[in-house]
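The first chain written gets the first letter, and so on, giving A, B, C and D; residue counts start at 1 in each chain.
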Amino acid sequence: MKRRNFLSYLTAGLLALAYLPASAQEPVRIGLDAVLTGPGANNGERIREAAQWAVDLINEKGGVALPDGSKRPFELVVVDDQAKPDVGLSAIRRLVGDKSIVAFMGPDWSSVTYPTLFVGAEAGIPQFTSSVAQRITQEGHKHIFRARSTDTDWMGALADYLVKQEGKKKLGVTYANNEFGRSGRDVFVRILKEAHGLDPVVELSYAVGDKDFTSVAGRMIQSGVDVVVNLGNQPEGALLVKDLNNLGFTGLFAFNSADSIFLDLAKSNAEGVVGPLSWVHTKPDDKSKAFNEAFQKRFKRDPIGHSVIYFDAVNMIVDAIGKVGPSREALLKYLKSLDTWAGVQGTYHPSAPTGDMIHASVVIRYNKDLVPEVVSVRD
Amino acid sequence: MTTPLLHVADLTKNFGGLTALAGVHIEVRSGTIHGLIGPNGSGKSTFINTVTGVIPPNSGQIVIDGRNVAGLRPNIVNAAGIARTFQNLRLFKAMSVLDNVLIGEHRHMGYGLGSALTMRNGEAERHVKDVAMGLLADVGLAHRAEAISGSLPYGEQRLLEIARALATQPKLLMLDEPLAGMNPTEMDRVVAILRRIVARGVTILLVEHAVRVVMSVCDRISVLNFGRNIAEGSPQEIQGNEDVVVAYLGRRRHVA
Amino acid sequence: MFFQLATSGIATGCAYALIALGFVMIWNTASVVNFAQGEFVVIAMFVALTCHVTLGWPLWLVLPIAVLIPALVGYATERVVIRPVIGAAEMTVVTVTIGLQIVLSDAAKIIYGGQPYSFPPLIEGRPLSILGIVVPRQSLVVIASMVVLAVGLHFLSQKTSFGKRLRAVSQDRETAKLMGIDVNRTIAEGFALSAGIAGVAGVLLAPIIYVSAGLGLPLLIKSFIAAIIGGFGSYIGALIGGLLIGVLDNLVGFYISSHYREVFTFLVLILVLLVRPQGLFPHHR
Amino acid sequence: MSRHHPFYLAAILAAIVIPPFLSDYSLHLVIMVVIFAILTLSLNLISGYGGLISLGHAGFFLIGSYTSALLSVYQGWPFWLSMPTAILLTATSGLLLGFPALRWTGHFLAVITIAFGSIAQLLSVNWVFLTNGIDGVSSIPRPPLPGISLTSNVNYYYFVLICLAFIVYLMMRLVASGFGRALRAIKDDETAAACMGIDVAVTKVSAFVISAAIAGFAGALYAHYIRFLNPDSFSLDVSIRIFMMMIIGGTGSIAGSILGSFVVYVLPEVLRPLQDYYYLIWGVIVILVMLFLPGGLISLGSVLRAKMAARRDKLDPQVGSTETLS
């Protein structure tokens, strides 16, 4: 008796793995991979809630409309990559392995997106990412769509604003020692040189998770810069601007993720902070206003850039399914031929060969009552 | 007489202010059973721990077979030919009886790490196991070879410690109160084993409280008190020695 | 600039010191290395956040609660999870506390999400400038409370019966049992006290940095190192070790490079263990 | 011995027969399980048999992966040259941890190994000139094998399975040899072991060197499988995961380490439908196993047998330690 149950017990375990993603054919499903556990999970929840909200709105209208006019329920399959390449690989393989998933979104962290690109490419499944690293769209993958503007778009706007409108000459650059911080710094320094012939007076990097920024702030003040351009994530940015103010820094603080998470952390220190973003909820155009109100009503707080990225991505997929039906090849072919698609964030160009389909960006400045005013817009 | 197998000269050890050993000297002749007795706290265990290198001495010489091993690590002292048992039993409780003895033979394994990996140690392992079984048979534990050493009754654990110490093929075997907590029949069994060991050419230093047994078994006896030698000689000389009696029984009061 | 770095380093250092103190207390009484000590800090932070920010209760009410709840969690931890494995092999005990760390940190994430929250300073107002050094008011609060707590704990352990029981158990559990001390209850109370101290550290630290579910493990490792540098087992050592780590972190960040801050903390640990393994303040019970 | 226990034969059979039928996703899982099994076996040598806690084995894993990756990507070395070099280099780094292990045990050694693992990871981030820092190392080639292309995952699975089999054989030989016995004696009572002639220093240091070498080997296998490395995959929680695999499986048991790797790596995936709660439940499982089954899952068999025997004979259960099978 004992031998049989052990054998069956183990084989069943392994076989269950093979047929894990068995699923009813009925609903139309799309996938989402985000960071839900471990450090770096701060954007993860915001991404999932926005994507799920978009899916719920579609289901409220009866589900996904197919070309033949019928409607099928819409389902979002969420997986967690914990911001680690090997976990990301198994998460994305899980999505791509499930034949009922016609398209998927994510990852957000470039360090997970880059090594797992080949999985989506081999399966020919449309993949929408919010990662910023340049190389993601430089290696000729045909299935990737970047649903947000990247450093190149933002840094141009920021450099022009700081040098032209604010007339600043002595800039100091600080950046987080991760992919996001590193690529932001490389692009900003390059564009500052090309567009304005300037070099940063001093450059400093800090580790993700650092808690005390007195030393970084001290070095910046000592070098006499009148603008500190910080490239990194919200927690470290908030702590840095607080220490700069505490130590009596009177210059301008520019930051490339000055969204509502940053605002909630920095509170009064956010006043006067300037920052490029792919999108901000106070963007004056009607679509942004409508989205902002609906989001406020639903979640009782401001949406961040990631909210609109994934909201637009879900709706773009739904529109495409409406035209060519829920099949990976058809969707990919259709999207690659679609020149423009108007989203909340701006006008997307899915047919862009590299996959960089949107360049809309804004530069904001937090006024006295900590509302991000839009000081320059690019589409 | 031949030069002594073990020659310990002015061995001192103090823990902070407390002097445990103050210039102890002992000579053990090879092929004999040398007794070491003394009241509680006289420094007997410290003596064994310093000689075997478990505790480094402050000063002094420990010469075994012409080689001074004072202050060296226990495994080097063991390699020089000194093996020991422990007052409060330090067997490898999680390992089998046989494995405990095999550990003793570690230095005489006859094969290194390399050959262990390439299957060439099979023959050496068999030989080592036979020797171990032989030693277990000598102390009457052969039938317990596969048992976990922690599960053996107290008396048998004592015997296992002796077998394990012998497995290191020592010249000198130091026994730290091997008879403690034993009934007379068990004592006689151990004494018989000790005699067989000496007959096979292994010298024994017996640290023991059971003075009656020490007197009957040992060829020479040294007596320690408060970390100093107070007497050395044959059992008869020791019995008559005034200082020894005082150390044990206290001064004789002259009743007026 | 040196003093500026040192003073702000002391503020964070105090928090490491308090966590290290609680850590060492558990080691002394129950010889358990508690990997979940950092999570008690996080619990206090979130309790304070909910009561003060969301519910808007006044500080004088929120602070005691924010210290009491981790203490209760500490007591419950000992009763449910630690007591059964007290005598077991060290590896089993370490694994149980690692499991506890996973449970507590993930529970916090499920309830409060992954993103960081800010916590208003305990005392409003611009930072003071003393002798040219800018000292945020919160740092003064932290330093003051640590001094008060250190003195209070010293008083508690020397004078009160609970303190004596705690010391007896930490010196020798078996003999304490023979002397009629309810060892299990004392250890549970020791856990509660050390979790409470971690709670105080949490409440003090929240305004300086931020509140987030993922803070537990990084804080633990820093205070583990602080405890060892100070001389594992000695309370004063834990306090000084914590301050040292806080100040060192800043100085290295400024004078050498902010890349190698963390590497230096680890190198200091290894240096101390090589040169003075018993730590700066050899352990005296 | 119980090694011929039907459970083992079933497991070996399943490991050989089933994988070709698995989906890409499950195949990735089992390949990672095998790689982590080798890692856990390396940790088991020093913690399971030697009683020395190490929470820094991700450091060795990192050194092995990066050495082999950097040599093959930037120097063009073939796998059969870069892998042995990776093993050699990691083995020497094992010396770094071997010597502190002489002086400290228990939680002291735990924190030193945490420091070692963290320094290794921090250096892999900061030494951009060597490791390309955060951007990592990409397009690491699969090992060339005459006649068989290892680019297909199924073939690579069998390749790592054979490597695991070799390591298991190696471990069995080590444990059964005098060296293995000496290690276990040191764990039981270091002073007694020394008095019995065991050179404790040499044994401990060589245990660390061998353990590091095997971990380096697993690192090379991982690098050439996943073909992209960056410092994030060698963080402290990876070291904790390896430690968990050994403990949950059963310390001091070869089968335990392999079973532990399977359970610890696959369980979060199986629990995935629980969405947010899977990590919390995983923590609870760890605590429960430790409270009720300190000998790990592998001792489930002997613990149940002991209970049944006790109930059947109505006697006090025979006092035997739950010493695991091998």
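Things to note:
We take it that contacts are C-beta pairs under 8 Å (C-beta built on N, C-alpha and C of every residue); 3 or more make two chains touch, one makes a residue touch a chain.
Since we're looking at a predicted model, the values are computed, not measured.
Steps from chain B to chain C, taking the shortest chain of touch contacts, total 2. Averaging Cα coordinates per chain and for the whole protein, the chain whose average falls nearest the overall one is D.
Taking each chain's centre as the mean of its C-alpha atoms, the one that lies farthest from the centre of chain D is B. If you average the CA atoms of chain A and of chain D, the two centres end up 36 Å from each other. Per-chain CA centroids place chain B at a distance of 41 Å from chain D.
For the pair chain C and chain D, the distance between C-alpha centroids works out to 32 Å. Chain contacts: chain D has residues 125-126, 237, 276, 279 touching two or more partner chains.
Looking at chain C, residues 106, 109, 259, 262 sit in touch with two or more other chains.
Chain contacts in this assembly follow no simple pattern; the graph is neither a line, a ring, a star nor complete. Here the chains touching each other pair up as A-C, A-D, B-D, C-D. Considering their complex, residues 27, 33, 81, 84-85, 88-92, 94-96, 98-103, 106-107, 109-110, 217, 221, 224-225, 228, 232, 259-260, 262-263, 266-267, 269-270, 273-274, 277 of chain C touch chain D. Chain A meets chain C in the complex at residues 35-46, 177, 204-207, 209-212, 214-216, 218-219, 222, 234-235, 238-239, 243, 246-248, 261, 264-267. Taken in their complex, chain B has these residues touching chain D: 52-54, 73-75, 77-79, 83-84, 86, 90-95, 99, 102-107, 109, 111, 113, 116-117, 119, 121, 125, 128, 148, 150-151, 164-165, 167-168. Those residues of chain D whose C-beta lies close enough to touch chain A in the complex are 6-7, 10-11, 14, 18, 21-26, 28-30, 32, 125-126, 133-136, 138, 222, 226-230, 232-233, 235, 237, 266, 269-270, 272, 275-276, 279. Against chain C, in their complex, chain D makes its touches with residues 47, 53, 100, 103-104, 106-108, 110-112, 114-115, 118-119, 122-123, 125-126, 236-237, 240, 243-244, 247, 251, 276-277, 279-280, 282-287, 290-291, 294.
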